[in-house]
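Note that chain A is present in both complexes that follow, paired respectively with chain B and with chain C.
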Partner chain A sequence: MPVLKQGDLKSLLTLVALVLGLFIVSLVAISLFMNIDLGAVFYHVYESTVGTEFGFLSVLRRTTYLLIVSLGLAVAFSSGVWNIGGEGQILWGAILAAAVALLVALPAPAVIPLALIASFMAGALWGLIAGFLKARWNVNEIVSTMMLNFVATATMTQIAGGPLRDPVVLIAQTKMIPEELQFPFIVYPLNAAFVFALVLVPVVYVLMHKSVLGYKMRIVGGASTVAAAAGINTRRMVMISMFVSGGICALAGAMLVFGHFFRAQAAMTGMFGFYAIVSTLLGKSKPELMFFTSLLLSFIITGTESLRVLGVPGSFTQLVVGLMFIAAVLREFSSRRII
Partner chain B sequence: MVSGMELLVPILEMSPVFSLAAFGQLLSQKSGVYDLGIEGTMTTGAVFGVLGAYMGLNSWGCLFLGSLVGIPFGAALFFVSEKLKLNQIVVGFGLWLIGLGLAGSIYTVVLAPQHIEIEAIRAVAFGLDPIFYLSIGLLVFLIFLFSRTKYGLIVTAVGENPRVADTAGINVEKVRAICVVIGSALAGLAGSYVAVDVVQGFTYTMIAGYGWMAFALVIFGRWKPIYVFAGSLLFVAITGISARMEILGMGFLPPNYVAVLPYIGVLVVLTLAMIFAKETGMPAGLGQSYTK
Partner chain C sequence: MQDLVSNVKAGDVVVEMRKVTKRFPGGVIANDHVDLEIRAGQVHTILGENGAGKSTLMNILFGLYEPDEGEIRVEGRKVALRSPKDAIDLGIGMVHQQFMLIPTLSVAENVALVDRSSRGFFLDLNRVEKQISELSEKLGLRVDPKAKVSQLAAGEKQRVEIVKALYCGARILILDEPTSVLTPPEVKDLAITLRRLTKEGLAVVAFITHKLPEVMEMSDRVTVLRKGRLVGTVETKSVNQKDLTKMMVGRETLLQLERLESKKGNPVLEIKDLSAISDKGLPALKKVSFSIREGEILGIAGVAGNGQRELEEVLIGLRKATGGKVLIHGEDMTNSPPEKVIAEGVGYIPEDRTKRGVVPDASIAENLTLKICSEPPFAYNWFLPFRATWFLNEHEIGKYVEGLIHEYDIMTPSKNAATKNLSGGNLQRLILARELSRHPSLIVAAQPTGGLDIGATEFIRNKLVEAKAKGAAILLISEDLDEIMSTSDRIAVIYGGEIVGILAATEAKIETIGAMMAGIERMQGS
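Showing the complex of A and B:
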């Protein structure tokens, strides 16, 4: 298991201070804007996150999905590719996980690995489209992955509203997967998907920091001219990074199906595909740091979402997460100037 | 028999949504700064357009308010990118989510409970409104600016090679500040135009990727105003055709896919443009903060 280095710990502390500072500022702002008692705002954030056991476990539950997507995005980001297509890749993972779970009549120990492989491949191939377009014709991946998100959403609505549809409800969502495939709770509401996310941390660490392939990808991400001079096939690395990145993001979709919703539908991503960009950047694409930044982001999202009972709009979460990007850049500033 | 004008007017009518936003993005990028917050700026521009109507402003006031709100977005992007010398792309993503969140929050808290009527902007000639003619004026201005004037040359120099520009005595920061702020104001204007004239109201997803499409348009148009404008017309045509198909219920494609045809279209068109582009025209200094 990778261990935190001294410098990482220091930068992590700076980060926590910055993130919490911005979070508190935004909480004060919303309480003033909506004329809500600030005490009530802080009370709800505290209760829903660290104040109760249920709250803390909910934070960990949300961390699961943010962490998996962050690990996926980190593979692309370290290779110098902006994968903004996490949303679409999650959806493809969920579609395949639900489809395998609903259609393959085998015992659970056979179905789940099969579903995970199918999910990974679906997300990986979806990511590869953008990777190929970038590698072959230098098509901007921010545009392509964003456009592909819309197409993935349409695919989800099509499939969840079509062949796999749950006829009982009006919205387009798939039938519920069989009970024996649903992940068990470790402690309610935390389920086994959390363990899966934790296992993925060293896997991605080894891939990116201990393998030749990861080393090559990181050189391409650092300086593609150096990579080309060193005889690394830059285009191939771009494609591989998008393939792996998309595949890992898709696993978050599979985990959402097996661990949380037990079915698939278009709104299930909860914007994790976009939000995880922040936890990845805050964690500098380092797997061991991203566990902490995902946890931090999950704390903030969970706390913010709890304010809905006070009438705070759901959009406020986007605003707060957007501010965290500013924390990510400001951290760079402080680390250059002070530390 | 449909006359050419009847076919063209609906396309031209909608075109400012893309062209104004893309011109803003073009200006920003020509000076060397990516504006990835554009989707958020447009959404906030849209909600301020509606807010203007709620405050009793006429349509022009609404559009003005929408473009005004773009300025802080541009200022923030400029400050972080050029003053603090930090990553433009990351700030851009931040501004995108901040814009979405801000717009959604203001709408939910202030505007959603109200009934707001917005007066559409009246056509002045050939069934097209003044904003369309403004976009044409802007097109002519940008072509003239970049091909005939010293100022265009200065902006291009700053975007291509800020160090050389600096050596030549150009104030790089000032040029970028002006371009980025005007660019964001144009994005705000485009957003409020969607709210005031196209939708006449606000929905959370009304900007529906238009900002990203404007970003794509600048690459598609190889950083040349005329191609960017032509691309805007093409994108509107793609959006319009799929909307028509959605209404008519074209049998060969499931409706969910018809709804996302614009996004597929943008991706295909951009890819084709990249395949056939001999040179991209991308400013060499794009994306890098300049440090003296």
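Showing the complex of A and C:
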């Protein structure tokens, strides 16, 4: 993995301070509003995240999926394309991974790569729809990717509730994948998907910073008028970036199938498609930074979700992540760099 | 709304600017001790080429810039104009070239936006409409207060802008290039309108880059600026168009440049009856034809906005031609995408450096790599066991980039520094380095020295002449007539999207070219 540069380290530390500050303020606020003992709030957050081995491993487990989606989004964001369709792309990845796992009767070492390729292609083609619309008719990709999320969810319900359906339960979910395909645990509850996510970091780094294609995509993202004048086909780059971005996001779906749910179902994305926008923006779309921002965000999500036992609604997580989003956006777009 | 008829008489000096000086960062002196007097009841034109300092001077009068030196008096009182609000309070109004109107609103709603008495909770549109009708009747400014702005023609929008300014109590009206967006009949209407306004005691200032016939027709007095300095103020009656052209273009000695003689070879670029339309959908190029041979510089002289930008874009493939042919090395390249044009050996120095030339957030090295990124040895297979050019060879690129930084004398702490911190001159050296290092057989250079200091200007002109001596064909589009005269082998003058004449540089007189640029002369047979 590339070593962090001095400037990146400094900005990462200010970021950690800022995000943790916002987090603590949110915890104090929720304890005041809901009249819960502040000590209990902090204790639960501590316990569920860094206080116990299980807690810490849970944070790492969640980091897996956040990181994969962040890496995917970063490809699009660096190319100046705002892919908000992570949710739909995850779902497509999950459906295809589950379908291959359930339908292809081959040994595990053959099925898993096949499933990964299939899920990458599914997410990539799903992303390409928005990419094509933008390249051809300049359709705003924020709107199209967002809307395609709903289409993906509906399709998922149909497929999971249709041919691949698990007959035992009433909700729309596929049958469980064969046991030999389920990823082994490194240490419970952390599984091999985490390693996959870590391997993906240098892969995306090399793609974006060492390859000609990544360089061209970044130039298009930096100033597409300049890229066009320099003979770079900007439309093609927009389409390629959405293709690759959707494909990588879909791999998170495959990992959720192999490592976590062992099946595909409608409610499986865990909002990673949206949460990862925050870790990507905070990490400035740099793969090496996004490992840390995903970890940070995973810590916050895991911590706030643990508060449910105290009666704090689940939407509190979304509220806190929303705050982080505002901080990330302010930093990204403020010309004065106030943060 | 203030009463239009104030206590000043026609001919009284209402605005007096004394020794106004404005410097911009980078050592550009936009106004150098400029004096100006504006009188009530007169139309006063400010004439000068682009960059002569007209806009700066008027922006100072409207409070958009503060002068570094000099004083301004309005109706005899010394004033400090810190913002447009100060200017409006003193009765100064400005109509910008880009209309500041909201297209989805009606005329009355647009006017109400600037009306101070409409600042309450409720909007009394009826009252505003009535006042607009009164005003337009009194001054002959035909404006329908209920019309939607989006449905108005340019001339009508301009009248709305004038009404807006008068509504705010303007007694001194500044018009920025008022005729540039108008059709000929609209220009006639504007002239009539301005006469009516001056009869009411208003002072009108208009600044105009070219179109001398209009200046002659409309104005009472003319002030000519050149390179930030005042050339003179004259009564329109006492001069003719030729005199004004001379004042505008000047006849001082040119920056001396070694004119390298070169062997002229085969034609590299041939353009036949090329036509294109502008962003606004109007014809911008009308059947333009010319050719350039190896080792030749063809200068395109003309005032900005006469089709130069469209010509530049069509040649590179960034704008579609609507008719005609572009041949490069005899091959038809009409409407080819930029990547094909570049592959044919075309170098491009764009007019807009920051939007077309470089990616400001990328590093200097990355910007220098733009056009070589897919060519071996800069692209290589890295660890792959087969021949592929998928990865950037950082070692080769580093060597190449450092060589260019040295050769073109780009002042930067490191090759990895952000490009946005470079000065204009260094930015242009970077672009030149990137383009010329590929040894293009055709170079399209638009305003290559615009806004640069003398050092950078000289460096860039010398590099272009050097490239020509080595056999490149160069299309030099420039508003700087000195530059065109001193570097070109032949000079083509563009006016209104047409080439109005092509002359050999050795035979060209600056007065002739100036007259052609202003549209008052054209060569026979063109």
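Everything below uses one rule, namely that the second predicted complex is superposed on the first by the 328 of 339 C-alpha atoms of A that agree within 3 Å, B and C clash if a C-alpha of one lies under 4 Å from a C-alpha of the other, contacts with A are read in each partner's own complex, and residues count from 1 in each chain.
The rule is short, and it goes like this: a residue touches a chain if its C-beta (ideal position, glycine included) is under 8 Å from a C-beta of that chain, and two chains touch if they have at least 3 such contacts.
Keep in mind that this is a model prediction, so the values were computed, not measured.
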Practice prompt. Give one word, clash or fit, describing how chain B and chain C relate on chain A after superposing.
Written response: clash
Worksheet item: Taking the superposition as given, does A:53 touch the first partner, chain B, the second, chain C, both, or neither?
Response: neither
Discussion item. In the overlaid three-chain picture, which partner chain does A:231 touch, first (chain B) or second (chain C), both, or neither?
Written reply: second
Discussion item. With both complexes superposed on chain A, which partner does A:37 reach: first (chain B), second (chain C), both or neither?
Written reply: neither
Discussion item. With both complexes superposed on chain A, which partner does A:139 reach: first (chain B), second (chain C), both or neither?
Written reply: first
Item to complete: May I ask you to decide whether A:180 touches chain B, chain C, both, or neither, giving the answer as first, second, both or neither?
Response: neither
Discussion item. Looking at A:223, would you say it contacts chain B, chain C, both, or neither? Reply first, second, both or neither.
Written reply: second
Practice prompt. Spot which of chain B and chain C makes contact with more residues of chain A, would you?
Written response: B
Worksheet item: Is A:154 contacted by the first partner chain B, the second partner chain C, both or neither?
Response: first
Discussion item. Contact-wise, after the overlay, does A:213 reach chain B, chain C, both or neither (first, second, both, neither)?
Written reply: second
Worksheet item: With chain A superposed, which of the segments 147-155, 183-191, 201-209 or 237-245 in chain B collides sterically with chain C?
Response: 147-155
Worksheet item: Common interface residues of chain A with chain B and chain C?
Response: none
Item to complete: Show which residues of chain A lie in contact with chain C when the two form their complex.
Response: 206, 210-213, 215-216, 218-219, 222-223, 225-233
Worksheet, complete the sentence: Residue set of chain C touching chain A in the complex reads 316, 318, 337-339, 341-343, 348, 350, 355-362, 366, 369-371, 373-374, 379, 382, 389-392, 394
Response to the item:
Per the touch rule above, chain B residues touching chain A in the complex are 36, 40, 80, 84, 86-87, 89-91, 93-105, 107-109, 204, 209, 212, 215-216, 219, 254, 256-257, 259-260, 263-264, 266-267, 270-271, 274-275, 280
Discussion item. Please output the residues of chain A touching chain B within their complex, sorted ascending.
Written reply: 30, 33-34, 82, 84, 133, 137-140, 142-144, 146-148, 150-151, 153-155, 157-158, 161-162, 274, 277, 281, 313-326, 328-330, 332-333
